[in-house]
Amino acid sequence: MPPDNDYTNKELMAAFVASEIADGEAVSVGASLPVCRAGILLAHLTHAPNLKVQISFTITNLRNVEVLPAFEFITDWRAGRWAEFLYNHDIGPDLYKRRRQAIFFIGGLQIDAYGNSNLIGIGSDFHHLKMRGPGGVGTASMGTNIGRYYLYTNAHNKQTLTERLDWRSCFGFGDGGADARTRLHLPGGGPRYCITPLCIFDFEETSKRMRLKSLHPGVTLEQVLDHTGFKPVVPDHVPTTPGPTPEQLRLLHERIDTDGVLRRP
Amino acid sequence: MTDGKRKDVIIGEDEAAGWIRDGMVISIGGFLNSSHPMPIIRAIIRNGIKNLTIVGAASAGLETDLLIGAGCAKTVIAPMISGESLAPIGPSFRYFAQRGAIEVVELDEHMYYQGLRAAAELMPSLPWRGGIGTDYAKINPRLKEFDDPVTGERLLAVAAINIDIALIHAAAADPFGNVQHIGTGFGDRAHHRAADRTIVTVDKVIANEEVRANPYRTSIAGVDAVVRAPYGSHPFASPGEYLEDAAHIREYVAAASARLKSGDNGPFDEYLQKYIVEPKNHAAYLTRIGFERILSLYEL
Amino acid sequence: MPPDNDYTNKELMAAFVASEIADGEAVSVGASLPVCRAGILLAHLTHAPNLKVQISFTITNLRNVEVLPAFEFITDWRAGRWAEFLYNHDIGPDLYKRRRQAIFFIGGLQIDAYGNSNLIGIGSDFHHLKMRGPGGVGTASMGTNIGRYYLYTNAHNKQTLTERLDWRSCFGFGDGGADARTRLHLPGGGPRYCITPLCIFDFEETSKRMRLKSLHPGVTLEQVLDHTGFKPVVPDHVPTTPGPTPEQLRLLHERIDTDGVLRRP
Amino acid sequence: MTDGKRKDVIIGEDEAAGWIRDGMVISIGGFLNSSHPMPIIRAIIRNGIKNLTIVGAASAGLETDLLIGAGCAKTVIAPMISGESLAPIGPSFRYFAQRGAIEVVELDEHMYYQGLRAAAELMPSLPWRGGIGTDYAKINPRLKEFDDPVTGERLLAVAAINIDIALIHAAAADPFGNVQHIGTGFGDRAHHRAADRTIVTVDKVIANEEVRANPYRTSIAGVDAVVRAPYGSHPFASPGEYLEDAAHIREYVAAASARLKSGDNGPFDEYLQKYIVEPKNHAAYLTRIGFERILSLYEL
């Protein structure tokens, strides 16, 4: 629920995403996560002019595109009109060394307290799942190898943010501990934050358990705890997630999200 | 023996579909709502082919879901089956998987490509690190944990994914099997290399001279068969040629979702009857769709 | 030494190479083995119109090229003018399944009785070789995986055709035996013939030792045995290698070898 | 901080050469007598860089031989070092290897590409079958025999070949590091992917708009540095731009062969002095070669 303000909660989340992206990094502009798409492009049009933007299986720079239409499907070739380079999807395994400066967003049917996630399904019998998920796509590999990634969910509830996954399709910090990843020789840094409609979580340094980092404006600690299926670490002081600046809102409205996807309820 | 001339590899859709037999391993190219060789997919269903192992795209779309729904699949190998916003999870995939009626080979996108590469390389397996620490190896018997012979680091061996026939859709090919995709062709090359034979449906057949004028554009050389099929990816998009027919895809999703939700086969069977069983070939299918709809799929 | 005839020994060898190539196969037209190049193109212009010709990192069909100039270097991009497809050299490992219908020619500093070959060097101390070779290029991999291949040498002498290699860089039939390759799970069929300026060897079925298959016109059995460092299997009857037809010679002279490389002493 | 503009990556040849330090692992792109980044190679020699591990091309040419001859190399990784008909085996490579003065990492072309891919994939090794039954694993400690975890078949593990800096020559690039080779670019992509940083010398810098007009032609996106160097592959060829300078290469081969045959360093040192030490940069080098020779290297 956005506060009495001139921006929506999704616009706030997009601004947070933008603040996380450094100039020169490589990012993928997908279709399924409009908030992440908007955040990436917001960074690109402000402090990250050298972003390496992957869009519809091309790599390019969108800095000079006046209005960036949002395509409903990742395969939409109309986004290929800006291409500087086309990549064949099957060379993905060979790009990780060059993706150390890349970041990625990973969702899940379930996400646990240590940042592991599940896209396989819900239910304890793999051959008779109660709810068959779409499949893990590239999350296991990206989560293993990429410099850092962000967990993202639109559903902050106890079913999604859960103490135990039914199936682990992407390794975050396993069963926890500062060496959870290095013990397994995983080259990537793992999840940095988990972004939800209510708050941002980071990971406590020694346990690697999720810790409340900031609450979105108007959200209370109790609300978060009531809707989270695990007990996050809660520091003494929890700041408020900062909202977008007027200039960021202008860019969102005029160039990035002209259809108002982030302004819909 | 030869008549001394270079032979073209253009064949009809029925002949191409006839290559596919019960129990084979086939792959379907493209990605999500784009670039699937639909005349062959529909013919497979019409021919009543069973027990296929289907290697979908890295993100398989509803064409794979349709084959599952029509009862053609025994096993499915794909890191995801989805129609994006039109159906986040394939409804027939859900229905069959949840009942244990298909075998799902659960893997991640890059395990998948390592498996396809192993086949292309005549190797028994290739290793991959992604998936270490997850449940993949517990539920997929084609994955095996082992220690890297050089450093001892824990890795997964991904068994080769060998394909009998790869099915691909592309914008164009010349009569000799030189394929030119618009856009990248997604993972189609990996299917071709892992396959004994490849069939490509194309929106357009182009002259060999046109290929030679733009050889950098050739994405796959020497496929085994080219099937001319304008609008051959409908209801899915073909990059640069036409967009997906979202209304038709929604019609399919509604039919498949009815069975998922209530176990009612009726709507799905009606869909099959109307769009696959009755129209005996691609032209008949397009006739049923109609020019008005087809011409509405603006490419830009 | 060619007999009193209107063709040279190299033209005869090229005709033999041509006779081995079936229509529709994939072949590489290199620069370093002019006899093999000529044989491949001879097949292409006669009985193999559907050959898949690899030339200067392209794949094409050369059937309609009036005169086929011989380029001195494999990298010569002028041969790219006929391209239907360009392949990146680094995808080589991924092409073997599709190369089952490919054939290849492999040379060596040394070749032994079981068709193994050496391009590493001469001498028993690897760190102080008496003669450092160029390196094995792709022969170990091609020899392992490809449908069949041909050993080829311009130097029929005891140093080259030797009982023991100093170093084995390409596996033919190892230490011999009908199961020499299947025992090691090597998918390719191994060497089919060894082509020399004096004769053709094949491999005896059970021992996989080289066997005299045919003598080039004017060459005697004694000559071969005197110049071979191992004892080949010699059948009771050894036929003569057939020479090129007048039509083949015409194609060689007018379209394939207009510079007369095969007619030089 | 940023001034809000997209940054170009064009740097001068001296700055580029300055990236390369004693003891690094560098790779050199191209193939045999084609496409080597010679201004950087010459600067490496001029700068007196030592103890390099040099990853040559799959078939490395005499540019690698030159670096060995000039004493810059400690270790060489290449499946072949040759100047084709001009020098079937690199003469400096022979001289140094036969005296045990360089470490030769002996491997086959596809072992080599598996090693490069392992690096690109952040993997410790990748397996390969070619070489089973040969002596490679006996003389190359980076190869290790093991049993495939799935089938038990005997394979070789090829340790990752990680590169600090990849050096490539191409026809063109835009100011932002989008490279467009004429021809295929040989194995240059594999070097780039296995490397922390990539420097490309180009015959021509082209506008970003030209890249966008032909994005299918872009062979490598986002290299770390572009060095403008017309005729930058001389004395070797640059596909579609100029042929190799066979006379110059023969001059090099004669100098290097003199040392190989008689141990006489004189001719080799003279070659270095004349073409590398005295001309302090690429323009000075071309001046020494002269316009007459350069213009004779007809591209067709």
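Letters A, B, C and D name the chains as they come in the text, with residue numbers starting at 1 for each one.
Going forward, contacts are C-beta pairs under 8 Å (C-beta built on N, C-alpha and C of every residue); 3 or more make two chains touch, one makes a residue touch a chain.
Computed from a predicted structure; not experimentally measured.
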* Out of C-D and B-C, which chain pair has the most contact pairs? -> C-D
* To do: Going by C-alpha centroids, which chain is farthest from subunit A? Tell me that one.
  => C
* Which whole number of Å gives the spacing of the CA centres of subunit A and subunit B? -> 29
* **Separation of subunit B from subunit C, taking each centre as the mean of its C-alpha atoms, in whole Å** => 40
* How many angstrom lie between the CA centroids of subunit A and subunit C, rounded to a whole number? -> 56
* Got the subunit C residues that touch at least 2 other chains? -> 58, 80, 86-87, 93, 145, 187
* Touching two or more other chains - residue numbers and ranges from subunit B -> 121-122, 128-129, 151, 153, 216
* Asked: So which chains end up touching which?
  -> A-B, A-D, B-C, B-D, C-D
* Which residues of subunit A touch subunit D in the complex? -> 23, 26, 47-50, 52, 58-61, 63, 80, 82-87, 93-98, 145, 187
* Give every residue of subunit A touching subunit B within the complex, in rising order. => 31-32, 56-58, 72-78, 80, 86-90, 92-93, 116, 119-121, 126-145, 167-171, 174, 184-187
* Structure fact -> subunit D contacts subunit A in the complex at 2, 4-7, 117, 119-122, 174, 176, 178, 192-196, 208, 211-212, 215-216, 218, 220-222
* Please name which positions on subunit B make contact with subunit D in the complex. => 121-129, 142, 144-146, 148-151, 153, 155, 157, 159, 216-217
* subunit C touches which residues of subunit D in the complex? -> 30-35, 58-59, 78-82, 84-85, 88-90, 93-94, 97-100, 104, 106-111, 113-114, 116, 128-136, 139, 151, 153-154, 182-187, 189-190, 237, 239-240, 243-244, 246, 300
